[in-house]
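The following pair of complexes shares a single chain, chain A, combined with chain B in the former and chain C in the latter.
Our next item is the complex of A and B:
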C-alpha cells in the first residue's frame, strides 16, 4: 500500500496525527497554568488536566470514528443525509461562526502578547493585521499544504517547549509540589472546565477527515495526536508549579512565557530567552489560527459551492479582523475566549450525539 | 497559469514557410541551384560534383565545411563511390545499390524534400544527389571541432570523477551511458526550436522512474515552441512549475556522475545540444543542498558537511535580518557586554542598521558580480582586495560598523558554500525580503517571513513532487539521506518521495522495510 501517490493532493492518517496537536497547541497553554493554578491547591491541577485530557481524547476518537465512517464526504453531505439539509446547513454555519471567532481570538491574543514581550510601541492593530495577512496567504494555498506546514512546524514547537522545560530543571523545587490532593472536589470541577476548553481544536476532524485517503486508522491517529498536547500541558503545568509555586503561578499573566524568562542559556549566547520562545511560539499560534480559519472556509465553501475559495477568504478576513479588534481590553478578550471555548465544547458534543443517535434511528448507511 | 497562457499562443497557426516546401526535382543541376539559392550561396557550402562508374552517371555531395568530418567523408563516401565498378544502369537500381552497398556511412537515411536536405546540411550531415532521382541520401557525418572533456569549473570537487559534460550532445549521452550500463536506460529524442532546430534528449531509467512523471516531463517538453534554445536555461524556464517562485524547481549540473546518480534515484535528465548544462527534474529543497561528493566520502564526514550546509543556508538567509532586528529592536536579547561593544562600534555611524546592511550587502553583490566578469586571476584579486579595502575603508570612514562587515562577509561566504548556484541566488533574494521585514517588525517580522517562506515551499511542486518532501509530506525513510547521510550499507531503498517502480536498492537486509 502506498502512502503517497505521485502528484496526489490527499493527506494521510499520519498527517492527522500531526494536525491535531498543531491545531490544539496555541495561545491557550501560555496562560493555562495560571487559570488552573488559581482554582486548585499546590500541584493538584494535574488531576483536572488529566481527566479533561482523557475526556477530550475520547471525544477526538469518537468524532474521528464517526466522521471516518463517511469516506471522502464533506460534513454537509453526510449531515444532510442524517438530519435533513436545512439542519445540516445550520450546524455547518455554527461551526463556521465559531471557527471565525476562534481565529479572531487567536489573532487578537497574539497581538497582545507580542506587544507585551516584543515591542511596546507598535499598535496591536498593525501586529494583528500583518499576522492575519500571513494566515490568509496560508489558507489561500492548497489544503494539503496546510498539513505540510503543520508537519514542518510541530517538531520545532515541541523542541522549544521541551528545551524550556529542560533548562528549568535547575530551578525545580519538589517541595512546592507537595502536599497532594488538597483541593476540594467542587474546585476540581471548576478546573475541569478550564482544562477541557484549553484542549479545543478537534473540530478539524469534522471537516478535514474528508481529505484523508485511507481514513481507517484515522481515529487511532487522532487520539494519539491528542495525547501530545495533553502530555505537554500536564508537564508544563507541573514545571510551572515546581519552579514558581502555586501562589506565584496563579498571579502571573503568562506563566509559560515567564518560565522561559527564568532560562539562562549556558554560554550566554542570548539573554531574555522568553522573546525567542515567544517568537518560535508564533508558529504554533499560526498553525492553530490557519486550521481554525480553514474550517470556516471549508464550511462556508460547502454551503456556497459555486463561490470561489479565494472570494470566501477575502470576505472572511475583514470579519475576522473586526471581531478580533472589537474587545477593548485583555479581560474582555479572555472572557470572549472562555465563552467561545464552552460554546465549541457544547457544539461538538451536541453534534456528535445528535448525528450518532439519529443515524442509528434512521439507519443511515456508512461508506456509501 | 503561465502554461495555459502559452498554450493559447501556440494555437495560432504556424506560418507556412513556403521556401522549404519545394520538392526535389530529377535534374541534378537544378537541384543544386535550388540549394544555393535557398542558402544564398554561403562560402562554407561545399558542393562537390563528380561522376561515377566511368563517367556514366552525374552525382554530387553537398555539405557545410567545418560541421562535418572531412576525413570521414573521404573514407566512407568519396573513395567508395569512385572505386565502385559494375554498377547497374537503371537509375533506381543504381540508387539502391549505392544506398545499401557502396556507401559505408553507418547512419544513412532517405530524404524526400528540400526541407529535409536543408536541415540535414545545417546540422552537419552530408547529402548525396544522383542525377535523375527525386530522392537523396542523407548521411550522418557530424564532426568538426569540439571542446575536450574537462573538469567542470562551476562544480569542482575534491573527490570524484573529473569528467564533465561538453557542448556536444552525443558525447554527453555517451558519458551517461558509461555511468549507467543498464539496458533499461532510455534516451528519447526531441527537436526544439523553430528556426534553429536543436536536439534534445530526455534520459531516464525505465523501471525506476515513475512512468507518470516521465509522461509529465514529455508532455511539458512537447509544448515548447520557441525560435531557438541557446541553452538549457530556456528549457528550464519553459517547463518549470511556477515562474513566480524564487526557488529553482529544476536542478542543473555539468557532472555526469551527478546526473547518473539522479537517474538511479528515479529522476529524469534533460540534455540539450550545444550546452554542457543538463537539467535534472524534479528538484526538491533537500536535493538542492546535496552534492555528489556527499556520497564519495565516508558517512560521518558527509553528514557533518551536510549539517554545515544547512547552517550555511540558514546564515545566508537570516543573518543580516537577525542583525537588523537585534540591533534596532531587541537590544535586550544580546548579552549586555556584547550589546555595549556593538553600541560603541556603531557610535558615529549615521545610518540606521537597515540602511547600513543594505549598503554593505549591495557592495558585496557588486563585488561578486564584478569578480565573475573578470578573468580568473583578476577576479580573485578584485574579490579579496575589494572586500578588504572597501570593508576597511567603510569602517574607518564611519559609514558602517565593523560588526556589520563581519555579518555581511559571513553571509556571503555562507552563500558561496552552497553546492548549487541557483539555490544560493534564491536565498540571496529572500535575504533582502527578510531584511526589510526585520527593519519594519524586528523578530516578529522575521518569523512571519519565515512562515511565509514555508507556506510558499509547501505549496510549490516540481513536476508533481512536493518541493518540501521529504520533510513534509514526511517520509522517514528518506531522512536517511537528507540532513544526515547514513552509511551506504544502511541505505536500502530509493527515495520514497520519488515513488519509483523499483524501490529496493539491495537484496540484503530485512524484508520488513518492504511492508510500508
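Our next item is the complex of A and C:
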C-alpha cells in the first residue's frame, strides 16, 4: 500500500494559534467548574481562573519565545547545546513520559464519561481501546495533518460550546452570582492550583515549534491561542454558577455536561441536546489526545533516531492503554490527573528556567 | 494480496456485528410519571415506599385507526413496595416484561404523607438526581391524598394524565395563585442549601386535578411542615415578583371588579443595620387592565380610575401582609427568600445571624416588614361600559 505524503511537513504560525487551544480544551473543562466551585464561595472562582490564565498565557509566551529562538531545531538538539546531551536526554524522556500519562488519562477519562452518559453496558476497556486505536491511526499519519485536523475541529468545538451557553441563557439567575469576593485568600490559592492545571497543553511548544517555517510571530500567536481556553473556561464557569448555583455545581461530577443536558430547544422536537454536545466534545478530546501522544512520539524519536516512527507508536500504544486502565475508580483517576497536572506544570517551569538561565550563562547563540 | 484483504474483511465484519447497548424501542418501558407513597405496612424506623410507575402504551396513543384494538388505555400504572426507590424499580422490571426507561420521565408526584416524614423526602429524591437516565427538568408535585391516585385519572383533553398535569401547571401566567413548576434541578439546590422552599400541591377530583396551594418545606430537615393556600401564594408571588400574570379580585362601591395583571415586579430593600430589628421594605408595582366589572359606572374618569387603583393597592397589600403574617406567626419560617437576599447583600451580617434567622432566636419573627403596592390600570379593555341601568 502506498502512503500519501504531504508536500511539506512545515506548519505556519497560524497553526500554532489553533493548536494551543486544541490541545488545552479536553476533558478538563467537563469537571473544572466543580473543582473550582467546591473551594471557592459563590461565583468567586473566576478570579483564580483569570489569574491562573494570565500565568499560563505568560508561560506560553515565554516558552514560545525561547523555543522559536532555535529555528528548525528539535528540543533535543538545542537542549543538548545548552545543558549537555545526557541532561537533555533526561529532560526529553521526562516530557515523553508525562505526555504518555496525559494520553492515558484522557483516554481513561473519556471512556468513563462515555460509559456514564452514552453506553451503559459497553465495558470501558472496549471504549478506551476503540478510542486509542483512532488516536494511534491519527498520530501515525502526517504531523502536518494533525494540525489540519485541529484547524478543522476547533471552530466546531467553539460553536457547540457557545450554543450550550446561549441555550442556557433562559435558566440564568444573576442573583446566584452574588455576593462577590467573599472567599478567604487561602482558598483562592487552592483554586489557583486547580485552575492552572486545567490549562495544561503548552508542552507542544517545546517540540512542535521546530516545524514552524517562520517562527517570528509564534510567541504572539501562542499567547493569543491560549487566551481562547482561558476566556472559554471563565465563561463556562460563570454560566454553571448562574444556572446551578454554587452548591449544585460543586456536587455535580461533570457540570459542563449537565449544562448541555439542561438545554431545551424551544419547539420540543429536539430533546437530547447533550448527545450532539458529546459527539463534538469527543472531537476536542481527540485533538488533545493526539497532540499529547505526538509529543511523546517526537520526543522518543529524537532520542532513538534510527527507529521508525510507526514502531515507536506501536510500542507506546499498549503502554498508554495499560496506564489508562490501571486506576480502579474515579477517585484514583482524578488523583492521577492531579499528580500528572502538577508534575507537568513544575516540569515546564523548571525546564524553562533551567534552559534560559544556563543559555544566558554559557552564552549559547540563537540562530535568529 | 487481494485474497488476504478479502479474508481480513470477512473477519472484521464478524467483529462489527453489534452494539452492547442495543435495545429495541419496543422493548423499552417508557415511564412518563412516577408517584411515591408511604406503603401501608411500614414500621417507624424502617419506612417502606410504594413506587408507582406510569408506563406509556404506544398503541393506545395517537389517532385511532381500524387496526388498533379500540379502547386500549394509553397508559398502565404499576405499583410496588420497596425500602428504596431503586430496589422497587428494579423489582418492577421482573414484573413487567419491558425494563423501565426514564429518559422521558416528566413528573414525580410525592404524597403529603411521605413528605411529612423527616428526611425521608430527601432520601427518596436521591435517585432522581443521581441516575444518568434522569433529566434535571422533571417536575415535582405534592399530592394531598394518595399520590398514585393522581396518575390514575383519565383526562378528556389529553391521552396521558402526566401531559394533562404538565399543561395545567404551565398556566401560571393566567392564575396568580399558581407557583412556577418546580424541577428536580432546582430541588437539588434546595436540598443542598438550607433555605426553606415550596412545592406546588395538587389533588385529584374524579377525572380532574386541582392545584391547591403549596407545601412549605423546611430547608434543614427537608420535610413538609406546613401548607399555604392559593390566596397566600398570590401574596407570595407579589412579594417575590415572580408573578407571571393573573388577576386580583376586589370590590368597589360594593360591586365586584377584576384587575388583570399583565406585568408585575417587586423591589425589596433590606435594612440590616440593627440585626435585632431588621427592616424589610417591599414595593410591588404592577401594570394591567380591568378584566371584568359588575358595576356600571364609567371607567373613563381620572378620579374613578385613581380610586380603583387605590382599592387594588389595598387588596394587594393585604394579600401580601396575610402571607407574611402566616410566615411569621404561624409557621415561624421564612419562605420568601429574605434570608437569601440578606446573604447576597449583607453577607457579613448574614454570617453572624444565619443560625438564628428562622430558628433559635428567630430574628425573622421580629423583623418589620412594610409593603407598598403601586398598581397602574393601563386600559379598561375593549369597552368602557357594557351595561347601563337607568337608576331614575
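Criterion: the second predicted complex is superposed on the first by the 360 of 368 C-alpha atoms of A that agree within 3 Å, B and C clash if a C-alpha of one lies under 4 Å from a C-alpha of the other, contacts with A are read in each partner's own complex, and residues count from 1 in each chain.
One rule holds for everything that comes next: a contact is a pair of C-beta atoms (placed from the backbone, for glycine too) under 8 Å apart; a residue touches a chain by one contact, two chains touch by 3 or more.
Here the structure is a predicted model, which is why all the values come from computation and not from measurement.
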item	value
Which of chain B and chain C A:175 touches, first, second, both or neither	second
Residue contacts with chain A in the superposition, chain B compared against chain C	B
Touched partner set for A:251, first chain B, second chain C, both or neither	second
Partner chain(s) touched by A:63 [first = chain B, second = chain C, both, neither]	neither
First (chain B), second (chain C), both or neither touched by A:91	neither
Which of chain B and chain C A:119 touches, first, second, both or neither	both
Touching partner for A:12 - first (chain B), second (chain C), both, neither	first
Those residues of chain A which chain B touches in one complex and chain C touches in the other	118-119, 122, 272
Complex interface listing, chain A residues touching chain C	116-123, 126, 175, 178-179, 182, 244-245, 247-248, 251, 258, 261-262, 264, 272
Contacting residues of chain C [partner chain A, same complex]	19-21, 103, 132, 135-137, 185, 188-189, 192-193, 340, 343-345, 347
Complex contacts: residues of chain A adjacent to chain B	1-7, 11-12, 14-15, 114, 118-119, 122, 127, 130-131, 134, 137-138, 141-142, 144-153, 268-272, 275-276, 279-280, 282-283, 286
Complex contact set, residues of chain B against chain A	210, 212-213, 216, 329-330, 332-336, 441-448, 451-452, 454-455, 458-459, 461, 464-466, 468, 471-475, 496-497, 499, 516
